[in-house]
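Chains: A, B, C, D, E and F, in written order; residue numbering restarts at 1 for each.
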Amino acid sequence: MRPSGRAFNELRSVTLEPGPAKHAEGSCLVKFGETHVLCAASWDETVPPWLRGGGKGWVTAEYGMLPRSTGQRMKREAKGGQSGRTQEIQRLIGRSLRAVVDLKALGERQIVVDCDVIQADGGTRTAAITGAWVALNQACNWAVRQGIIKASPITDRVAAISCGLVAGAPALDLDYDEDSTAQADANFVITGKGGLVEVQATAEGDPFSDEQFAALLSLAKSGCETLSKMQDEIQS
Amino acid sequence: MRPSGRAFNELRSVTLEPGPAKHAEGSCLVKFGETHVLCAASWDETVPPWLRGGGKGWVTAEYGMLPRSTGQRMKREAKGGQSGRTQEIQRLIGRSLRAVVDLKALGERQIVVDCDVIQADGGTRTAAITGAWVALNQACNWAVRQGIIKASPITDRVAAISCGLVAGAPALDLDYDEDSTAQADANFVITGKGGLVEVQATAEGDPFSDEQFAALLSLAKSGCETLSKMQDEIQS
Amino acid sequence: MRPSGRAFNELRSVTLEPGPAKHAEGSCLVKFGETHVLCAASWDETVPPWLRGGGKGWVTAEYGMLPRSTGQRMKREAKGGQSGRTQEIQRLIGRSLRAVVDLKALGERQIVVDCDVIQADGGTRTAAITGAWVALNQACNWAVRQGIIKASPITDRVAAISCGLVAGAPALDLDYDEDSTAQADANFVITGKGGLVEVQATAEGDPFSDEQFAALLSLAKSGCETLSKMQDEIQS
Amino acid sequence: MRPSGRAFNELRSVTLEPGPAKHAEGSCLVKFGETHVLCAASWDETVPPWLRGGGKGWVTAEYGMLPRSTGQRMKREAKGGQSGRTQEIQRLIGRSLRAVVDLKALGERQIVVDCDVIQADGGTRTAAITGAWVALNQACNWAVRQGIIKASPITDRVAAISCGLVAGAPALDLDYDEDSTAQADANFVITGKGGLVEVQATAEGDPFSDEQFAALLSLAKSGCETLSKMQDEIQS
Amino acid sequence: MRPSGRAFNELRSVTLEPGPAKHAEGSCLVKFGETHVLCAASWDETVPPWLRGGGKGWVTAEYGMLPRSTGQRMKREAKGGQSGRTQEIQRLIGRSLRAVVDLKALGERQIVVDCDVIQADGGTRTAAITGAWVALNQACNWAVRQGIIKASPITDRVAAISCGLVAGAPALDLDYDEDSTAQADANFVITGKGGLVEVQATAEGDPFSDEQFAALLSLAKSGCETLSKMQDEIQS
Amino acid sequence: MRPSGRAFNELRSVTLEPGPAKHAEGSCLVKFGETHVLCAASWDETVPPWLRGGGKGWVTAEYGMLPRSTGQRMKREAKGGQSGRTQEIQRLIGRSLRAVVDLKALGERQIVVDCDVIQADGGTRTAAITGAWVALNQACNWAVRQGIIKASPITDRVAAISCGLVAGAPALDLDYDEDSTAQADANFVITGKGGLVEVQATAEGDPFSDEQFAALLSLAKSGCETLSKMQDEIQS
């Protein structure tokens, strides 16, 4: 049995609530159990300086945690002074989203997706990617309705899930308690069509074997399939 | 008529939801119409260095806005690099709360109340003060129940409201549209017993007269009375 | 009796010395007793980026303290890293000056008034506002003489004074010792014609009543009237 | 054929020169072809504050690039202001080294390994990990000879290599030109005994398949085996 | 003839006014013509961490310019973010003062001398050193009178002057206009007994010869002799 | 005898290796005994904003130390946050190089010379200047060969050496041990034709006399003559 009581291949209760942020062009409140992340997409008619004149757009992300989203109060972070962990996460979210956007079709525009953790209980980066896609998709549909672009530049869905070796056994979607004691910690980002976008696995104690790694990948593929279906059912 | 359609002495729809943040010792989601602020109190068994050995505690606040809580995306701010506006607001919240806390009775401990604006539509600082008191009160009651302190150090309630001259007439609890065009902008922080804690009034265009100022103060006193009663009805 | 021996409605000895800074377009060394502030206005033919093309000018202020202007040595502060107190003060000075300048008549130009405290003994922000107006006025007259603008954009004088409850009684123009023990601390910014520009009052201990607040306002109005006359007598 | 003319499973010319930095407790100049990294280990008899009193030591890394190690001059970076890329790399190096150190056996001490890129031509992070292990090992042997610790806390060797899909085919140890056009980019950190410590794979364009990923892993295992033997042959 | 009309070996009008800063333990307002610097010494009963337990004290300096001390408004600077020029100057002032203080006799205490330029017209660093010695001396005498130390740790006087090649000829104590066109720019710090403490000479255009350098040194020795006598005549 | 066993007028073993950095337009690995500095010149077709439109170019330098180039590990420094010592050194290198470049002949271009200390044993700044000239010269010759400029803007060679009073006697080219105990520390920058570009001498303990200073200058002139010949013999 897992500490959470879930089956080893069982996701937490997941909900994707589209549109909670009235000022944003697209938004989603995503919940993976007690992990809650507010994702808000901002449409920007300019691209960063290094992309100007190239005919391509950009999609990027920022990740933050409310100071008391965690058991111990954390410090606020501003762009430029973010911790290594924060920067790794927001770079991962950005790359994951860009993998399913045709940046030429977007044109010289930028979409920034802010992923702010309201409450944390493990798996915030994978929840953020999954919700950020919903916000991004909503923003692109908004731009089509506004006549800003003719067709959405989104080419596929993308979702993410964490896996780990819990008490030696591969388990899906770890919560904070499970994550703290896992022997290996892995995150997978997978498209709606099943392609791999990102694979990251880290041994926390002893190294892991090829076979263990293969088991984690297999769990992740089934978990992302479920998340991808939920994304598909949202009207936006 | 006001742009919002409200009577000149009418508050927006106000709700105070206690306890939304599971990790915090006290919390409140406060809504003044479309202005939503999440207030979370963190109990800290140490005081800042400059207070050590003095036998007194401290209550302070931090204020932040989610990047897309507003119509235009804003930059994230970290402690030390916050804008003048942010620093003014969090210093105001801190002073307002300390006015109703017996810092000696608290002992050498600190309570930090984070006020994070989830959605902004004018009056975020007054909503924050009103909600922060609920979070603070809840944290103090928690500490009593835990046996950390014998009795709550809170000596009174405190609430805040904005007023302004809208189309020449004194109006209560301005929303963003009203605030943008007001001739004068004032914030009042008032205790449950009706004492004045903070008075701040600024002419945005022409200076205002003593009589106009007196009318704003009168509106604020009735508004804070209503808010104070709502605070009193919360069980925590 | 007040600790300073002054009557409760008595200002400290005040002097306004115009023109001490040979490089500046306008300047004033203002002394409120032992509080000495050097105000220097710099004329700038460009406006900040966010105002460009709008046909309006800008007036802003920076406030600083020499490290040993105070009893305890203080740290130097640079723009962007200033304390909350410093930012509040310089924002207040800037707003106060703008209240008496026709920014359209100024045209797309900026005037920066630096207020540097040479020696501090309470009331530095009110001395700064009072002296800054002299420096600003001098700079505008300079620009008229130079043929840069046709007429001065200044529409009125503006002065400021602090008041407080000292040993329970309302008192005018507190020095450092009086300020340290005051129950309430208030600053008023008032135009030559008697209009209110800024009202700020803070309870330091117990809240204060409406009546006490009214007494402070009344003292301030008479104090600012005196300061305004002194400003009027300066040739510049 | 690969752009570099190498076979798809062929490493660049690799050298590990131990001891080039006379002041450091351990050092290694590692070259993977034209990529040159100077690794220097500093022995520190104190641990970071958050580890004090826990009886365990720490191993960490910093990564830097000389401004003209690359085709385009880069900015110098200081701790706290490092780019997201730099932080990701130095966190990866630190985790990789800790995977083969018994931190309890090390005791409350810290070893910092600085990895400074003298010249860059792709694969700097994997070269750095491979060389950093040599510097770390040398520092631990130094400490044993000095009588500071009784036995080396190092439990295994660790090496790293990059792989990628070049023109659709899996290739080992990409240089800069190959890396720039690769469809997928992967880094593997593997112990002397063949255990997986870190797996990171990123799709640069189209997502990749499970089979492609398995081919990359297989190449990496053989590459790291070669590197591990070279590490073993160094006398230190 | 020099642009200033002075003889080539003639100082500007120099005054040293002791004691202008009422809060400081020692102070001096020094004027070299239109260059005015306020020097204030702060006595600190602790030394910086790297000196603790060594039985020696420290003397250091900070240098600043009021934003409008110059023809073009300058930015405020804080410790840690000061320009290279500012850091060079304050390091020079500190070294110059330490050359005439017995740091063991001072004991584990620090004296910080703040040198703030109120108005600049060339030669601010040499005026600052000359005035800083007066402030430092006054602070040490104050400490003797207070019974904090038994005897002043000051071993000699120290003064400084600039020289340069103006229109090919060696000239003493350059003002801003002369300095802007000088071919070489030199600063000399010399003790009361005539010993050299600091020699700094920089070619601004063509290199200078040994003979030219010798002439500058000769001028500086006579200038510092005059300044040293003025320091000696101050009662403090 | 000197601690190093060298004669008082004897340089350490000096080598100048041109071209070690394959990406740079010019480079030199300079060794003064155990002091090793890698100098790399970067050609930039734009000038800093304050020079644009003036028809002149710019030459500047940055100086850095690898964290473990010294006995005690040092912190990395980034532009804007460099220590006073680092800023002094890089300003000195830049001024020294500009003294032998015709900036008009260079045209509106900038050359940045990075001087990174790989290993430190005293005299890093003088080694850096000597090696930076080689890198700069190589970059200018490269630009001539590329047809970017018609003729090299370099007007002379420039080299630098340190001297000091060691055990009371003037000595040339101090290493770290000698420098730590020297009574006076001086650096001289001298052109190929023997002109003085920079003279800097600092008393570390007692002040020094005119005669002592003259002896240091004489040693430096002969040392720089030797270095200048070595620079002349390099083909680039």
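Convention: a residue touches a chain if its C-beta (ideal position, glycine included) is under 8 Å from a C-beta of that chain, and two chains touch if they have at least 3 such contacts.
Chains and their UniProt names: A, B, C, D, E, F = Ribonuclease PH (RNase PH) (tRNA nucleotidyltransferase).
Here the structure is a predicted model, which is why all the values come from computation and not from measurement.
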item: Common touching chains of chain E and chain C; value: none
item: Distance-maximising chain from chain D - centres being C-alpha averages; value: C
item: Copies chain C and chain B - interface residue numbers shared by over half, same or different; value: same
item: Chain whose mean Cα position lies farthest from chain B; value: F
item: Rounded Å distance, chain C centre to chain F centre (Cα mean); value: 51
item: Chain D and chain F: spacing of chain centres that average the CA atoms, whole Å; value: 34
item: Where chain B touches two or more other chains at once, by residue number; value: 81
item: Category of the chain touch graph - line, ring, star, complete, other; value: ring
item: Chain ring listed from chain A, with chain B in second place; value: A, B, C, E, F, D
item: Footprint of chain C on chain E - complex, ascending; value: 21-24, 27, 34, 38, 40, 42, 44, 62, 64, 66-71, 73, 75-79, 81, 112, 114, 116, 118-120
item: Residues of chain B defined as touching chain C within the complex; value: 80-81, 84, 87-88, 90-91, 95, 99, 186, 190-191, 193, 195-203, 206-210, 213, 217
